[in-house]
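Two complexes are shown next, each including subunit A; its partner changes from subunit B in the first to subunit C in the second.
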Partner chain A sequence: MHSFGHRANAVATFAVTILAAMCFAASFSDSFNSPTPTASVKILNINWFQKEANANDEVSMTLNISADLSSLFTWNTKQVFVFVAAEYETPQNALNQVSLWDGIIPSKEHAKFLIHTTNKYRFIDQGSNLKGKDFNLTMHWHIMPKTGKMFADKIVMTGYRLPEQYR
Partner chain B sequence: MDWQGQKSAEMLMQVLLVASAVAAFLTGYAMADFQLMLLVYAGGVVLTALVTVPNWPFFNRHPLKWLDTPEADRHPRPQISSTTASTGGKKKTGKNK
Partner chain C sequence: MGFIGEQVESIRSMQVRQVLTQIISLGMIVTSALIIWKGLMLVTGSESPVVVVLSGSMEPGFKRGDILFLHMSKDPIRTGEIVVFNIDGREIPIVHRVIKVHERQESAEVDILTKGDKNFEDDRLLYAQGQQWLQQHHIMGRAAGYLPYVGWVTIVMTEQPIIKYILIGVLGLLVITSKE
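The block that comes next holds the complex of A and B.
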C-alpha cells in the first residue's frame, strides 16, 4: 500500500473479488423463488395427417398455447426459453420428443401469452407409429439468469390423441 | 504515505468496498433491478478509489522520526568481528577415531 499503483491495484482486485461474491449471492437469491407457472395447450385442428414417401408419419396441427410464466422471472433473470414438445412412447423408444413450437421470453411483461399457431417445427415420427397414438404435450422451459445457476422445469399435459386414419 | 496512513488506507478500502457491496445488493434486490445493483456498486468502487488511492494529507499525519545523523554515529550497528568468525568457523577433522 506504499505507492499509488499498489493502492489502485488493491482496490481493483478486491472490488472484482467482491463483485464475484455479489453475483454468487444474486444467483443464490433465485433459490428462494418458488414459481407457480401455468400452461395449457389446445389442439384446435389436425390440419393433415399422412404417411410420407419414406414411410414416416407426419402430422400438422393448429395449436392454441397459453401460459403464464411470469412467476419464473426474478431480478436475476435475463430471459426464459420455452418450448412445447410432443412426447409419446413407441415400441422402439420409451420416450420420443418432438419439438413443435419454441420461443424466447425476454421479460416478465411478455411472460403471459396466448399464441395461436400451427406447429412451428414438423411433427414427424421415425416410422409409422402415430395412428391413434396417445401423446403428451409438455411445456419445457429453461431460465437463463444474468449470473449463476440455470434452472429448467416442465409442465406435462396429458390426454391428447391422434386420429385413427390419415387425412 | 506513512505507515499509519497505509494501514488506515487498507482498512478504509476494505470497509468501504464491503459496505458499498452490501448497500448495492440490498438496493438491487429491493428494487428487483440487477443493473441498479451494478451501478450502485460501481459508484462505491469509484468513491473508494478516490478516497484511498491518492496520497491525501490525511494519510501523512504520523511521519517517521528518524534519528539525527550524529546520534546514529554514536551508536554504530554491531559488527561481527573477524576473529570470532574465523575461530568459530574452523572445522575439526576426525583425529580421534
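The block that comes next holds the complex of A and C.
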C-alpha cells in the first residue's frame, strides 16, 4: 500500500497541484490592479515627407514620448511592452495601424520615461493618402506576466495632422 | 530490485478479468486526454490551443521552453498582439508580435506585418519569397496566457526520442501493473 512508487506519486501530484494553484492565484491577483497610466506624445518635427517610387507615401518624424506606466506593474509582472502607433482611415482601408516606436520596460523603476526619437519603424501608407491626413497616435501596452493571463490596453491621443505638401 | 520484482510478480499473478479492467482503464486515460485536447480546441477556437516557444526571438518576454495558451476569437487582429502564424512551405509555426495592420473598408481583409521583440528587422525575410504581408488565414491564434518552463518536457521529448519511449514504457507498465 505504501510502496515507494505510491509515495513518489503522491508527492509529485501534490507538488504539481500546489504549483498550479499558486500560478492561478498569482495571475488572478493581477485582476485587482486598476492602473492609472499617463502618456503624451508630441511631434517635434516632420523630417521628410515624400512619395516613394512604388507610389506609397512615406513620412519620417521626430517624436517626444513621455509616459508614466509604473502603476501597471504588479508582483506578477515580468515586463511591459510599450509602443506608439499611428492610426488613421483611408478611402481604401477602414483602419491603418503603423507602429512607430516600441520599447520593453523591464521594471517599475524604468516605467516613468521621456524619450526623444525618430520613428523606429518606417511610416509607409498603403497608397498615397497621407497629405493633410488627420491621424491618432495611440500608446499601447502589453503586460507580460511571470505566469498567467496577459493584459493589454491603450491611450488614444487625437488631433495630429500631416502637412499638406511633400517636403 | 525490490521495486521491479514487485512489478513482475504482480504481472504473473494477474487474472484475465483483471487484465481486461486494466486495458479499459488505460483506454480511459488515453481517451480523456484526447477529450481534453479537443475540448480546448472548441473553447479556444484555435487548431492548436497550446504552443511551445521554440526560439529566443521574443526574449526576454518568452524564452525557449515556455508555453503559450492561444485564443482565436472573431475579433480583428490589432497591433501589439502576439500571434502564432504559419508560413506556406514552413513546417513550424512562428510566435511574433504584430507591428502593422491595414484593414480594408469593404471586405475587412487584412494585411499584417509581424516582428520578434528581440529581432532588429521585421519578419518579411521569414515570409515566403516575395510575400509582403500576412493575411487572416495565416494566423493560427493569438497568445492569451503564459506559463514558463513547462514546454521543456516536449522539447526534450522531440529532440531525444529515446526518453519519450522510456517514459511511455514506464508509465504503461505502471498503469498495467497497478492494483486500483
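Definition applied: the second predicted complex is superposed on the first by the 164 of 167 C-alpha atoms of A that agree within 3 Å, B and C clash if a C-alpha of one lies under 4 Å from a C-alpha of the other, contacts with A are read in each partner's own complex, and residues count from 1 in each chain.
As a working rule, contacts are C-beta pairs under 8 Å (C-beta built on N, C-alpha and C of every residue); 3 or more make two chains touch, one makes a residue touch a chain.
Worth saying up front: this structure is predicted, and the values here are computed from it rather than measured.
Q: Thinking of the overlay built on chain A, is A:His2 touched by subunit B (first), by subunit C (second), by both, or by neither?
A: After superposing on A, A:His2 lies in contact with subunit B but is clear of subunit C.
Q: One more residue to check, A:Leu44. First (subunit B), second (subunit C), both or neither?
A: It touches nothing on subunit B or subunit C.
Q: May I ask you to decide whether A:Ser29 touches subunit B, subunit C, both, or neither, giving the answer as first, second, both or neither?
A: After superposing on A, A:Ser29 lies in contact with subunit B but is clear of subunit C.
Q: On the A-aligned overlay, A:Val98 touches which partner chain: subunit B = first, subunit C = second, or both, or neither?
A: second
Q: Have a look at where A:Gly148 lands relative to subunit B and subunit C in the superposition and call it first, second, both or neither.
A: second
Q: Of the partners subunit B and subunit C, which touch A:Ala55 in the superposed model: first, second, both, neither?
A: Neither: A:Ala55 stays clear of subunit B and subunit C.
Q: Once chain A of both complexes is superposed, is A:Asn76 in touch with subunit B (first), subunit C (second), both, or neither?
A: In the superposed model, A:Asn76 contacts subunit B only, not subunit C.
Q: Thinking of the overlay built on chain A, is A:Ala85 touched by subunit B (first), by subunit C (second), by both, or by neither?
A: Only subunit C; A:Ala85 stays clear of subunit B.
Q: Does the superposition put A:Phe14 against subunit B (first), subunit C (second), both, or neither?
A: Only subunit B; A:Phe14 stays clear of subunit C.
Q: By residue count, is subunit A touched more by subunit B or by subunit C?
A: Per-residue touch count on subunit A favours C.
Q: Could you give the residue numbers on subunit A that contact subunit B in one complex and subunit C in the other?
A: 4, 146
Q: Can you list the subunit C residues touching subunit A in their complex?
A: Within the complex, subunit C touches subunit A at residues 3, 6, 60-62, 78-82, 97, 99-105, 108, 111, 117, 122, 143-148, 174.
Q: Which stretch or stretches of subunit A touch subunit B in the complex?
A: On the subunit A side, the touching residues are 1-2, 4, 7-8, 10-11, 14-15, 18-19, 21-22, 25-26, 29, 74-76, 146.
Q: For the complex, which residues does subunit B have touching subunit A?
A: On the subunit B side, the touching residues are 1, 6-7, 9-10, 13-14, 17-18, 21, 24-25, 28-29, 31-34, 37, 41, 45, 48-49, 52-55.
Q: Of all residues in subunit A, which touch subunit C in the complex?
A: 3-5, 23, 27, 78-79, 81, 83, 85, 91-99, 102, 104, 106, 121, 126, 140-142, 144-150, 152
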